[in-house]
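Should a chain be cited, it is by its letter among A, B, C and D, assigned in written order, with residues numbered from 1 in that chain.
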Amino acid sequence: MIDLKVTEIKMGEEHVGKWGMVIDQDMCTGCQACVAACAMENNITFVGEKDSGYGRSMHWIRIERFWQGEYPEIKMTPNQPMMCQQCGSATCEPVCPAFATVHSQAEQLNLQVYNRCVGTRYCANNCPYQVRSFNWRDYKRPEPLANQFNPDVTVRRRGVMEKCTFCIQRIHKAEDKAKSEGREVVDGEFTTACAQACPATAITFGRVDDPESLVSQLARRHGHGVKHLEELGTLPNVTYFKGG
Amino acid sequence: MTGYNKKEEKAPAGVHHHESHGEEHLREQHLMLDPLPRGQMNEMVMESMHETSWKFWVVFAILSVIVAYGLFFSWGKMIAEGLGIAGVNRPSYWGIFLVNTVFWIGISHAGTFISAILRVFRAEFRRPFTRAAELMTTFGLVQAGFSIFMHMGRVWLFYWLLPYPNERMLWPNLHSPLSWDLIAITTYLLSSTMYLFLPLIPDLAMARDRSTGWRKTFYKVLALGFRGTEGEWAHLRNAMNIFAWAIIPVMFSVHTIVSWDFAAATRPGWNSSIFGPYFVIGALHSGMGAVIMVLAVVRGTMKNMKYFIRPEHFDAIGKLMLLISMGWAYFFFNDYMVQWYGGDKWTHQLLHFHEEGPMGWMWLSMLVFNIVIPWAVLWNRKWRSTPWIVFIVGLLINVGMWFERYIIIPVSLSINRMPFTWRLYHPGIEIPLGIGTLAFFILLYMAASRLIPLVPVWEVQEGQMAHELKKFGRETVVSVSELE
Amino acid sequence: MIKKLFDWLRQPLGLIAVGIAFLALFSLAAYGIHYTQQAPAQPVQFPHKTHVAFGIQCLYCHPGAARGPAAGIPAESKCWGCHNQIAKTQTSALLAPLKDSVLSGTPLQWVPVAQVPDFVQFNHRAHIAAGQNCENCHGDMSKVTVAENPQIFNMGFCLNCHKKVAGDDHVKLVKLTDCGTCHY
Amino acid sequence: MSDKFSRRDFLKLAGVGAATTAVLTGCGPASRYVKREPYLQMPEYNYNGLSTFYATTCRECAAGCGLVVRTMQGRALKTEGNANNPLNLGKTCARGQATLHGLYNPNRVRGPIKHSRGDRLYETAADPFNDDFNDSEANMNWDDATQAVADVLKKYQPGEIAFLLGMAPDHLFDLVADLASATGINAPVRFGALSMFESRATLSQAAENLFGESGLPFFDVGGAQAVFSFGANFLETWLSPVSYTRGYAGLRQALTKMRGTLVQFESRMSSTAGKADEWLPIRPGTEAMVALAIGRLVSEKRGGTIPRAFADVEPADAAAASGIALETLEHLAETFASSGAPLAIPGGAALGQSNGLAVAEAVLALNALADNFGKPGGVFFSALAPNQASYQRPASAREMQEFVQKMADGKIKALFVHGVNPAFELPASLDFKNALKNVEQVISFATFPDETAVEADYVFPDHHGLESWGYQRVTTGSAQPVLSGAQPVVSPYYDTRATADVLITAAQLAGGNFASALPFKDEVEFIKSKVSNLMGEADGYFSAPDADTFMAYFQQYGGWWKTSDGRSTPNSAEALNRDLSGAESEFTGAGEFFFIPFVSPTLAEAGANKPWLQELPDPTTTVMWNTWVEMNPATALELGIEDDDVIRITSDAGVLEAPVYRYPAIRPDTIAMPFGQGHTAYGRYAENRGVNPVDLIGQHFNEAGDLAFAGMKVKIEKTGRKQLLSRLESIMGVYGVGLGQE
């Protein structure tokens, strides 16, 4: 039987995701440790000077900053790490003709199934956060660089879309470990590569559906978090605190 | 041999010479009132296919080289190396490939529009050039198909977009406008090919009876044994009527669905509810422009075509073009107003970017080419009856419409809700590929002009049979009788 | 010229030639498909059935299957632990590669038989923990020498079993048919 | 079958045909015909398919952060911070993450090489991304290499032999220092571009002047309420960025306490200034005056006598000279005075000026005024590492100048270089490369084919940091005394050898004093001898009954540290009773622009060969893969310069050309340039990319002997060329350029 209600829209306040992130922009120093950690964990390729300057860099997470005012009263806006917001009602999902970007009902994440992707790039156009990267080429990774590849993550080839997965390989590993020990995954037992590296602990990752988890507590304590472009009804799972 | 190149030779001997000047003028102007013996007309059409000058082959060879390099070699290279050699980037994930897809689908609208709508409405001037327009539909769709497949990152897996049963329980996503596209375009390609083929059958039969050698075999196979019996004609007319009616909604739906690729997306400048009709009228705009260009070329280069395609036809199409241009202007304005009035800050930013950004010249030329020039030229009967003038107008309209799609796709994609990622798009290998599709379109058309009667002779003859000049007192009046 | 060629091809001899050419192409294709389905040559003609007959458990040599993603190929020290006590190891021609390898310190180069593509993240542990036995996927090893795949490990094979195992349990079915369970 | 077409050929052909069919039918043999090698003897702590984690120490800079490296079947896959290590508490910076791209870098020195000076160590190619490069093959074996080292040791007088070492690792420094003290060869000189730009000598000299004790101050940013940073870019590259970033997070931790304030005085906006609540684009050279003026205003607010240190300064003059309004100074003084825990930090370009020492003293005096010494949120002396007797600072630039002079004079006949790349890092005006020509034997222990290795006679590559044993003393950044331990996480990928092992063996071969100085079997035994004395120390994170167990724990935990606070409180009694100079610094050069070189936080001195570090956008400008010049847009407009226009910068020491980045947060009279690119060797990703700003720096020093790298004025002119900088940010979206709204 074909279930066509795969990308069922879930609107309204009762939406709670599973995994979520809280990012404190006041703490983020823009040091790029998360970007490097993400690249190392997820086998992200580098593209070289020309392509990276042409909007083809493969970063799954980027740190945005803007300027306010004019010299000398100029200020840098709080650094804003942008990665896939793992929307509860993602705009990328319904437009993929091949179901390569689908909602994981089990993990409440937006999946990008590399081996199903035919490369129409519709999802990337339709992502209001512009956080998807496309493999424009088979970028060369000369030997022995490939020794560093994480065996838990597929190495993508040309013509395939990719994006932040919330380190789903770590989620699975932790779940597998917990299951083998006959327990639930404990909050803080594992975290994403970016959150693990962040020297300022600006990124916190965890279960948003668990009121006792650190992310939920932080969200409650700050109380004034922002979800980006929430007005589009995307139900993102990343909360930002501007702080300051 | 009955050439039809000079006015003097036009009227066969002994016919209507004694008639008044007004009548003479009418005959000269209207193909329907200027009948030739059927045998002679058939010969004229056969001749137009057979008499091929060396210039034709030179152009043919050049185009073949362009197609081989621009389309097949470049595409192969792109498949092998990835889309990096094209100009697409973040955020302009779609580039000229999609521009060309929409453009070619737009071109393909003209054929159906002229042939089906005008047939349904019994517009008599359509008769000599329905085939020329229908061929554009089919060949234009072929180019659209090429363009959209080129655009795919892993085109070798295109069959995953088709619904076929498999043990993985995987189906295409019917939520995706791209799946709708696939269905719509395939339907349109199939139905328009059928619709091209049906009226072709009597002409193929005619050609079969007048050919020898491999051509005879070719026509014999294609003509499906058509002999012209009453029963066959009745069936054919029935089928054509059904198709003519049925293909009209398909045609409108195709471009509406193509427009939903954009309108259904959550992007500023794209999700506009007016996009459906706006795209359809845009398609007709470019399609009519293309038809008139093709007719001008066919009339100028192919033998005997000056008899079949006359200034009256340019005049009629010119009027249509003027009308469509007005319609397009209305929808453009409508779309602009709604977006502007909507007040979304990103949309405002985008509209501003269209007008004053680095591609502002394109936006302005689009308006000039699509509105100003048609309006300025086509109101004049003399101008719009002159083939080279309407050719230029048609060309400019097509450039303008291509610009319109370019502005909607890569230019609009440059601006989104994340200003940190805004970036311009600079085409790469899209250019040879785009030129390749254009060359392939012309090449297919040229090849078809050698194989298929470009003028539906039987339709012309049918029209001529139905038309009569009658005299009421001193007035000469055209009367048309119902044939079916 | 071309006409002559066509004329020639129409003769009986020409038809036979065409037939042969077609057959050649067809058999090449058939051979190609056959070729890919062949078990590749292994450095040692490892007799699984002999070892199973001795009562050695699968997990003795492939303990990774119970612990983590990969079952693994046993270290040669494990082979040698038994084999250096078996006199035949010293003399048997079939066992010579093992002996040479251990003594010279160059590892054997096995060719993995049961493989999934690199975009599939397969975890043995979860399957063993779910009560699956090795032979459910790998076939009866007491009947083969060099391991052979009883079936191709494609997505249909996986899904069929996943659906069967999930049964009416909706939560389980969601988890077991989620794309992200295997592909990331 | 004919001779020409054998059965084998036929099978080949059939195979090719079959393979083609197979690829076409989608079941290509390519993925099936993989070969797998089992372990001959599986390490007991390894499991098939499961990762093994090793604790070690990051070698990307000298801070000494602990790492835990995930390995699987002999490959290092991912570095994470060591959560136990008190310095970084499980965190890493981008450089630490990318260290794997050093380990598996496609251009490494693959084995011992003897070559003529100037010979490249890898092939060159036009396109570093698509052409194949090959490293030079080793042309010696290690026995000969060790013998060569021994021969050099024996051949020259001890006084003619010198070691130039990097800031890491410390165990090698200890080994060479032991060797030197026992045999009379020159004491090893330590140097690093990072320490050069940190002006460490100035910091410790200022501490000695004010507190009578030399040491590296520790600034407790996390505990402070108001942090006034005078040029210290502590979030990017200063001293120990990971721990200072943690401190910053503590400052901003609005949950548990009041959110602290950060004020940054800096002529260009660094990341630290970008995160500051107030950024004051101070005129270069007036930092001392401003610090003293704030001190004076604070003491005036408090009433009572104005301390001698601040007596001579006139706030209005300071305001005029620095370009900061007097009201702003007063309001800053108010902030400082009213804060519960104010802290002032001197650092960066503020110290790299002719009056750098005065700046450091003035800023430390502010802390004395705040009386925050030894208090939470205040100033301490950094904890000395467990086996460290006193603070050893790296060589200052002036000491390096003297060292280079000795080389040029031929007083040094044999030079061993390890862990540092002076041919790239030292200012070109010191002319290290020419001085090297007067050294008879140069032996480089470089892991990578760097500029110094190219100029050496021998390259005897050391292992990469992740393949190495060792330890690193944490000089600052942690309250506890920390000795970070290193162990190999993978076996060496190439035919490299630990330099410590080479030296130990060579010393044995050289015999005599040398042999007795290093009576060890190998490096590990040496390390054991150095750390096992910690076994019985109090407050240890772990203790062990015997040396072997201790060493095992040392490896397991990634070092040894105390659980108690090891910081000491500076004696501030006399700090305010000195005359402090607020004079402006002097600038050399005839140009109209102040020139501020700063260290690229992602590349630093040795990151340029790691492709992912190159592709990391700079935190402030988001530029990747190249060097840029930051210029205020107003200045650029005035000069008719646009983004990506290449300009020529002329100082009294050199000329450079680089493209302009119109940076809105820099003084109009200042231009700035990152240090990190401009390599002429060092692998395919680094070579011929960008320029090196040290080429512009002349031989000017401050009173403490540190390089006055920011004490220059330069001329600029347009070249008329353009060079597109790769930026992650959108020039349209962020600056509105090209949107048509200007």
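By definition in this document, a residue touches a chain if its C-beta (ideal position, glycine included) is under 8 Å from a C-beta of that chain, and two chains touch if they have at least 3 such contacts.
For clarity, every value in this text was computed on a predicted model and none was experimentally measured.
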Quiz item: Higher C-beta contact count, A-D or A-C?
Solution: A-D
Practice problem: Point out which chain occupies the most central position, where each centre is the mean of Cα atoms. | Solution: A
Quiz item: Using CA atom averages as chain centres, what separation in Å is found between chain A and chain D?
Solution: 30
Exercise. For chain A and chain C, let me know how many angstrom lie between their CA-based centres, rounded off.
Key: 36
Self-check item: Chain centre separation in whole Å, for chain D relative to chain B (CA means)
Solution: 65
Quiz item: Any idea how many Å lie between the Cα centroids of chain A and chain B?
Solution: 45
Quiz item: chain C: which residues touch two or more other chains?
Solution: 117-118
Practice problem: Name the residues of chain A that each touch 2 or more other chains. | Solution: 54, 62, 64, 66, 99, 116
Quiz item: Which chain D residues reach two or more other chains?
Solution: 728-729, 734
Practice problem: Once you've mapped the touching chain pairs, tell me: line, ring, star, complete or other? | Solution: complete
Quiz item: In their shared complex, at which residues does chain B touch chain D?
Solution: 349, 352-353, 355-358, 360, 414, 418-424
Quiz item: Considering the complex alone, what residue numbers of chain B touch chain A?
Solution: 81-85, 88-94, 151-155, 157-158, 160-161, 169-179, 182, 261, 264-267, 413, 416-421, 423, 426
Self-check item: Interface residues, chain C side, partner chain A - complex
Solution: 117-119, 121, 123, 125-126, 129, 174-175, 178-181, 183-184
Quiz item: chain C touches which residues of chain D in the complex?
Solution: 14-15, 17-22, 25, 27-29, 31-42, 47-50
Quiz item: Can you list the residues on chain C that touch chain B in the complex?
Solution: 154-156, 159-160, 177
